[in-house]
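These are the structures, in structure tokens.
Both of the next two complexes hold chain A, though its partner changes from chain B to chain C.
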Partner chain A sequence: MNRIRFRQIRIPLHVLYGIPSLVYLFIFFYIPMIMIVVYSFWKGGPLYKVIRVFTLENYVRFFVDELSRNVLVWTNLLALLIFFIVILIAYPIAYFLARLMKGESGLKIILLILMPLEMNYLIRIFAWRNILGENGLINNTLMYLGVIDQPLTMLFHSIYAIIIVAVHNGLPYAIFPLYITLRSIPKSLYDAAMDLGSNRISVFFRITLPLSMPGIAIAFLFIYVPMIGEFAIPALVGGKTYLLGNLITRSFLEIGNWPFASAATMNVLILSLIAIFVVFKLTGMRWLYR
Partner chain B sequence: MKTTSLRLVNISKLYGKIVALQDINLEVHRGELLTILGPSGSGKSTLLKIIGGFEEPTSGEVWINDKLMNGVPPYKRPTSMVFQDLALFPHLNVFDNISYGLKIRKMPINEIKKKVRSIAELLHIEDILDRRITQLSGGQAQRVALARSLVIEPEILLLDEPLGPLDLKLRREMQLELRKIQKNLNATWIYVTHDHEEAMVMSDRIAVLKAGRILEVGDVKQIYEKPKNKFVAEFFGETNFFECRIEKIENGIATASCNEIIIQFNAFRDMKPGDEVTLMIRPEKIKLLKNSPTVNVNVAEGYLREVVYKGPHLDIKIELKNSKTMFVRSIELPYRIGEHVYLTWRDEDVAVIIE
Partner chain C sequence: MNISKAILAVFTWTVITFLIYVPLVLVIIFSFNDSIYFVFPLKGFTLKWYVRVFEDPLFLKSVVNSIIVALATTAGAILLGVPASFSFVRLRRNNVFAGFIVIPFIIPWLVIGVSCLIFFYTIGIPLSLLTVTLSHVVYSIPLVVLVVAARLISLNPNYEKASMDLGADQIQTFINITLPLIYPSIAISALITFLWSFDNFIITFFTIGSDITVPLWMWGSLRRPVNVPLVAAASSLIIIIGSAIVYLIEEYRLRKSGFLTTLL
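Presenting the complex of A and B:
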């Protein structure tokens, strides 16, 4: 092994290579993370006041305070709902591209599906204004056709708008991993299942679905986990809808209760870790890497 | 009286303009092991898929137990297939793989356990029932795939080169074991392979397929020793052909002159003097002699040119006087290279090639 001699200390070269990124991560990632952990156990007051006394009240508040608890619960339910809607739409698309299209032609369509991700996230959300907004495509069309006299407001600045935008946003993240896992299932497995007596429906539930679980799991991590910390979509199209991400930004920036905001951030982190752990355990990711 | 398990009538399969199978007619009897033998690309896997219901023939009929199977999906056919890549379900363990077909048939769990156990004992895999598929060796995976198909007691078992990836020794063992199991169960098996030795070891009958057509069907000994087709004769190894003209036929024995060599053989009923025929003699049927035999029929002479040591036998090339080469297979060789030798064989070892 290559070593650089530095007086009497021998440092392996690969450790040396790691030092710059470790220093970078330490300053800009680990220190802020540790600060958030520390802050979350301090007492907070209004207007950026912090009392450096150990307390669990920031965490307890999520169980006691109804508003905070509701935000936590609803954010989770909404994230799950969005994930299920995405899977319901994405699965047939991925199945069609992977199994029914000839050869590699599905891959070209996958590239088209992935292309919008090149565009800035915020611009993509704003673009929905032109479709869902009061003077948007849907309202204008409906009014032109005489179906409605007044613009529909439930389309925009509502929880429905969040669902529509978040589902659209999540689709590529589900279609792509599902396509990959469905492609990787050998055709002979379907044939073997049919040969042993399974009809098409039984083949789907006994073979296709279980074997595409890794794809669903990856889609879950790509959709559910960002959604519990999401603040841009509710802020831009959600109207009064208030999710965990908004609670965090508001507590940090407007109310100025940093300890409580830190505890909320820790909640997002813990929920994400639990989700990742459970998903990897349940789907048995190990046979993805056969 | 043999009952027919499978009957194929005028099966053809086209992929666009490419002809994969053409006018296949074949009968398989209950309890026999028929091997479909052919080089790669001959359409043998396609034929098996048509029997299993994974492909529909472009024209022709598939009959199983006197029921027309055209348009019947695989899950309603009384067949089961052991796939080339085995197609074991990676998310299920060995027991769940084997019991898959029984669970689909909604059999009570106690009965499933009993059946799986007995088939696992037959195949000596009763100790690995709770293993994951990824933990199996090649030979174990073969056995699991076979058990999965056997446990549903198919009318016809289809095997698509299942021993392909195994090493030679294990392959030889499995061939004998499979044959034993098939005989014990008295089951109808259709086996696909490109290996002529495997075909001979395992089969009751062999159907030789080339470019989508069946060239010849017959029992093992007949197809090896008395093939009617030149390609079939060559497929089973290097051999000797003679272009001949029949001189006379007496008491069912034909005498033909083949470029200075006179060959006698059992005549077919419709042969007559003056006919042109192709004759074939297998290398191991030929004896080498130092001194000239007393008769002058079924004798050739030439010089020993090449000897290849093959272990159990020697492959010998003899250059005849008319500069034609003959192949001889012998277990010993008391002669030196370059020596003058006589070759001789018996009437009954001569095969008449018709196509």
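Presenting the complex of A and C:
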């Protein structure tokens, strides 16, 4: 007869070590998440008014209100567009470094590419302002050369500036995972495919591309997910462009409608969790600690 | 074959130069330029922006604050994260446990910032450097856990077994064998945590209240054109000091490191 004896339950030592972290994350991450969920179902108004009544109106607003819906849709489309541009630029580079350079010399260039990631990202946004801005490098050079006589406004305060800065930010996060996955494809696979009479285009689409999917998935995680919550890039170089991150920031700090802001944050959270879940299903979690 | 290789090489170097490095180099060049606009031809060499930035009391205060926050965050994340990495190594195949630790690391920082703001407001902790630190530790714990766990997993378990066989107890083995072996990964995770916390803008923006750190000083200064050269000077200092620190990390990366350690 098995009896449950509570006194004798022993927690293994290796679990014990993790408990402080788990408790910390529970208090300062998971409880705040639950609070966001709760807030998002409360009734809100401007100037930090919160009525503790259950309502779905904060979520409904994203379907009914045209402005909110457009912000949600556009942010997603923009994040996806940026992801595709980054992959298009990063793939040839990663391919070159991983498969066409001899030995480990590609790795040194990879480190060169990763180095600016250690720089503050506000500095990098600022750096691009100096190039794209109204009084920036491109406009001044063009005016100096007499190509234009009015500063181009297309570059600065526009969606193009956001794309350029975001691509700059995202490139290292795509090149490195792609480099790792492309490098791990054994050369014998290519030899076998060539022996069996396949040409270089079909080798690319049937071997290289499918086998580099994990790298693309990881890049997606590091580019798409931060982008749907981005607010500093649009605020500093985007002009009137208004993304989900700006909507959240404004609703929280300026308008003061916390329940609506929470619902907007829930959009970011749910989209990120879906992306994380799908990517982990595809690639597993091993790459995180390999 | 050789032509396509040459095209790819040119493409690679063009992207690295123009899309990654030129903007940063320009910041440094213009920080020495005697004009508040970033215009070629350069107006003349000056150090006045550097002098001014060090005369700006708000900037000095923000540096001190950033260092305090980054040090406290690093201490907290190491104290909590290093022990947890031992759990992580054993329990990494448990998706619930691994997900619980890893998710705060991958969630956009905006979500952490916003939820911490609501949390601190609701339980009535006034916003200050303390709340900033508490919220930075959230994403730093998984960072430390993943970097240290990567090293732990790659360790040869025979070292520990040999030590136990020779009569050392668990604590002696840990201090004499395990710790020296994983020490570089602890140092590197501490360095990354410090840098990230020092640089963190998004989470700090929500949880700081009326205080100031370096990224917030930049954010504020960028909105006033007169102060923009000061931002250039401060940025250049950070780029140069940052590069020196990064060089140290690179040394480690080249020798031995996991996927994530290299990416961060």
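Assume the second predicted complex is superposed on the first by the 263 of 290 C-alpha atoms of A that agree within 3 Å, B and C clash if a C-alpha of one lies under 4 Å from a C-alpha of the other, contacts with A are read in each partner's own complex, and residues count from 1 in each chain.
Here is the rule we use: contacts are C-beta pairs under 8 Å (C-beta built on N, C-alpha and C of every residue); 3 or more make two chains touch, one makes a residue touch a chain.
All of these numbers come straight from a predicted model, not from anything done at the bench.
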For this session: Go through the superposed model and pick first if A:F126 touches only chain B, second if only chain C, both, or neither.
Result: second
Exercise. Looking at the overlay, does A:L56 come into contact with chain B only (first), chain C only (second), both, or neither?
Worked result: neither
Exercise. Given the touch rule stated above, what does A:S198 touch, chain B (first), chain C (second), both, or neither?
Worked result: first
For this session: Return first, second, both or neither, reflecting whether A:I207 touches chain B, chain C, both chains, or no partner chain.
Result: first
Exercise. So, A:S188: does it touch chain B (first), chain C (second), both, or neither?
Worked result: first
For this session: Check the contacts made with chain A and report whether chain B or chain C touches more of its residues.
Result: C
For this session: Could you say whether A:I31 touches chain B, chain C, both of them, or neither, answering first, second, both or neither?
Result: second
Exercise. Touching A:L111 in the superposition: chain B (first), chain C (second), both, neither?
Worked result: second
Exercise. Considering each complex separately, which residues of chain A are in contact with chain B in the first and with chain C in the second?
Worked result: 287, 290
Problem set entry | chain A residues touching chain C - in the complex, by the definition given at the top | 14-18, 20-22, 24-25, 28-29, 31-33, 35-36, 39, 89, 92-93, 95-97, 100, 107-124, 126-131, 133, 135-137, 140-141, 144, 167-168, 171-173, 176-177, 180, 221-222, 225-226, 228-232, 236, 245, 248-249, 252-253, 258, 261-262, 265, 268-269, 272-273, 276, 280, 285, 287-290
For this session: Provide the residue numbers of chain A that touch chain B in the complex, in ascending order.
Result: 186, 188-189, 191-199, 202, 206-207, 210-211, 284, 287, 290
Seminar exercise, completed: The residues of chain C that touch chain A in their complex are 5, 8-9, 11-12, 15-16, 19-24, 26-27, 30, 37-40, 79-81, 83-84, 86-92, 95, 97-104, 106-112, 114-119, 122, 134-135, 137-138, 141, 145-146, 149-150, 153, 195, 199, 201-202, 205-206, 214-215, 218-219, 222, 231-232, 235, 238-239, 242-243, 245-246, 249-250, 253-254, 258-260, 262-264
Exercise. What part of chain B is in contact with chain A in the complex they form?
Worked result: 52, 54, 73-75, 79-81, 83-85, 87-91, 100-101, 104-105, 132, 134, 148-149, 152
